[in-house]
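Here is the structure we will look at, set down as structure tokens.
Letters A, B and C mark the chains as written, and numbering starts fresh at 1 in each.
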Amino acid sequence: MMRAFELTKTKVRYPGSDFPALDDVSVGADEGEIVLLLGSNNAGKSTFCRLLNGLVPNSIPAQVGGKAEVLGRDVRRTSVARLATLVGMVFQEPDNQLFCMSVEEEVAFGPENLAIPRAEIIARVEWALEAVGLSGYNARSPSNLSGGEKQRLVIAAALSMRPRLLVLDEPAYALDPAGRLDLYALLRLLRERYGMTIIIAERDAEEMAELCDRVILLRNGRVVADGPPSEVLSDIDEVVAAGVSPPQIAHLSSLLADRFPGKTRPFLTTDDAEKEIADLVRTAGSGAP
Amino acid sequence: MTRFKDLYTEADTFLHRLDPRVKMASVLLLSLLALIMSALAYLLVLLTFIFVLLLLARSSYRKTAFAMKFVLRFMALIAILWPLFDPSGTPVLIRLGPVVITEPGIWRGLASAVRVGCLATVWYILIFTTSQRDLVRGLVKLGLRFDFGLALAIALRYFPTFGTVMESIIDAQRSRGMEFEKGNMFVRARKYVAVLGPAIVSALKTADMLALALQSRAYGARRNRTYLRELKMRPSDYVALVTVLAMFIVPTVAKYAFSVPI
Amino acid sequence: MNASVTARRLPIISLQDVRFSYEGGIEALKGVSLSVARGENVAVVGGNGSGKTTLAKHLNGLLKPSSGRVLVGGEDSSKTSVAMLARTVGYVFQNPDYQLFCTSVEEEVRFGPKNMGFGRDDESALAERALKLMDISHLREQSPVSLSLGDRRKIAIASVLATSPIVLILDEPTTGLDSVESAQLMATLDVLRSEGMTVVLITHDMRLVAQHMDRVVVMSEGSVALDAGVEEAFSDPDRLRRCKLLAPPITVLAQRLQAQGVLPKGAATPLQLVELVARVRGERQ
């Protein structure tokens, strides 16, 4: 299977900046993975995302050292427009990405630029709207949609170019908690149905443990941890040091392990936590170890 | 500030279905016709025709009232002021010192008022029945470069957004005790620095993000892009165009070739 | 939990059956009654479009009710200018970009007191105090535009604090901040509260609410769906979910353990929950 992306000793430095935005990053992902890029503000998440679709360095000037490949292509030698057919990009605020006057035009914009024949565009628009649950919204005005619908429309507008990778830079920024869960459910669905590779950059790891297969923890432009969520998120010290608040349940798991060594197994979900703590409290009086 | 996002009203009338290019051409021809004609009676016929079309456009009552208010005021103003400044002809009806009002002056004032009414309201037909995207699409199809069309469409799309941002900024400054109503003109103008500064900053940020979003959606990938919605002239479009052309040519020829007083 | 205390204190803000419709007819508030006592800490929560920002804009007169009454410090908001109400209620907008325009942080912070006609000495004293409270004295010479979002938020808050309001309204002040910046900001708010500031916090982050606030007003579709102490507000996760909100995982867990009789109530953070476990285990042994 082809690697979705592969960075090897990648270094990105913006002109006039004293510190590299990404420093000696060697990390990759297989196709079909859901990867969480976790880090505080200025950890390098946005640079990472923009490197994957070639905005860095093709549109935003930057020095890129090392190797940076997406689906086997060197991002420095591939135009942003060409990469758009491989990598769909979703930014923070939908209002800054929806510039058309109707939903269908928004979704058709990418394919139109790629000079896809009209019949095919129509099919793609219908498919993309269906994939994000906005079928029948064709003639609506994007500015009249709800926050959650807008973000789904942004995703549809990327999907219509049939990318294999979807990169989302803090996509839940403008959403309420329920909208955030809906979005995550949609992303899981896209992976299940279409085998898409999904890279999500977030500042906050709550509710993420169950969504992603892998977590890449960034700190000051460097990868400080990379592995399954159960591993990365339960290393609370590392997560906190990276300026990220750990998921509460993972945090609890680690605090309990410190306080009662050997008495609990690590957990990530509320259900497991409930069982562990109930056991822990009940065994206290019985004199069991 | 932004009472209506735009004057367009969604509906399914024959005017809505017409090709935007036909509508643009028709509106232009009817405007020219209003300029060519000078007889009050014919101008009234034209105005009535335009009003009938406006009724058929089924625009919302509120939007129509809002749009017509300005036109009617302007028409009244012209009808009243024109005779004061055009004292040629006889009979003289009123002579008050330097002010001379003649009967032909009054008729010409009325004709000018109706002409201005025609010129303004005929464009409402276009604006009421054509969405901004159809307007832009029509212009691009007529030869406007796609980049310019896109820029225009984005400007139109973000106009109301920008209005909301301005309102928020004004609210934010009022919350800090700023009173925009107080002080003379210069003091007040200075106060708007507190609004324009943040407005420009946020507009620039939006523009920056938009540029990234456009590129991420393959903008500029191919020189010849395709279009989801192609404008196509239908038989009814030709009928409409020929009708309006006739409405324009017949009176024009009659007036200039045969000196009919139209 | 402190409802009896609230009732005895005089409300600084009270809303009586407030209805409000935006132009175009959408009714954003459908009869909201609410009062905030001096020194209270109220979180206003709800999904997007629930009416929480519309509600907040009524608290300092930016919006006037279509029907019903809003009393701010005893004054009817419909009969008082925003500038007058600003002396009682400070409002910090979500986006600091909408607020900041001066070339230096110090000027920015002085702008409010200057508008309100405080004397030059008071102006300086108020600005100094606000800069210190928000811990941004070292930035005074800098231009707000060039600073990070976290710093710009602090400046925006300082510039409102400098007008020495009795009530401080914050519209989603932690949006876009990372956990370090957000923790700093909330710690500062805790200091303000301990000094007697009345705080109204609009937020999506229920973890912050659980840790820092006393009372929760849940907005849903233009109405108050719930007005209660934090414990009670989070006691029914399904109800929160219907209002497009999520109770913090720790709160959900603590309540489940309580229902099973495993732990007593009172845990809002992981650390507090561990302390409870330790205590209960100690008692059992």
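Just so we're on the same page, a contact is a pair of C-beta atoms (placed from the backbone, for glycine too) under 8 Å apart; a residue touches a chain by one contact, two chains touch by 3 or more.
Everything quoted here is computed from the prediction, not taken from an experiment.
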Minimum number of chain-to-chain contact steps, chain B to chain C: 1
Centroid comparison with chain A (C-alpha atoms), farthest chain: B
Centre-of-Cα separation between chain B and chain A, whole angstrom: 46
Chain A and chain C: spacing of chain centres that average the CA atoms, whole Å: 30
Contacts with two or more other chains, residues of chain B listed in rising order: none
Chain C residues counted as touching two or more neighbouring chains: none
Residues of chain A whose C-beta touches two or more other chains: none
Of chain B, residues touching chain A in the complex: 131-133, 153-154, 156-158, 160-161, 206, 209-222, 224-230
Interfacial residue positions of chain B with respect to chain C in the complex: 3, 165, 168-169, 171-179, 193-195, 197-198, 201-202, 205
Touch list for chain A against partner chain C, complex: 40-42, 146-148, 173-179, 181, 203-204, 206-207, 243-245, 247-249, 251-252, 255-256, 259-260, 270, 273-274, 277-278, 280-282, 284-285
Chain A residues within the chain B interface of the complex: 50, 53, 55, 59-60, 79-82, 84-85, 88-89, 91, 93, 95-97, 99-102, 104-105, 108-118, 121-122, 125, 143, 157-158, 161
Sites on chain C touched by chain A in the complex: 46-49, 148-150, 175-183, 204, 206-207, 241, 244-246, 248-250, 252-253, 256-257, 260, 262-263, 269-271, 273-274, 277-278, 280-281, 284-285
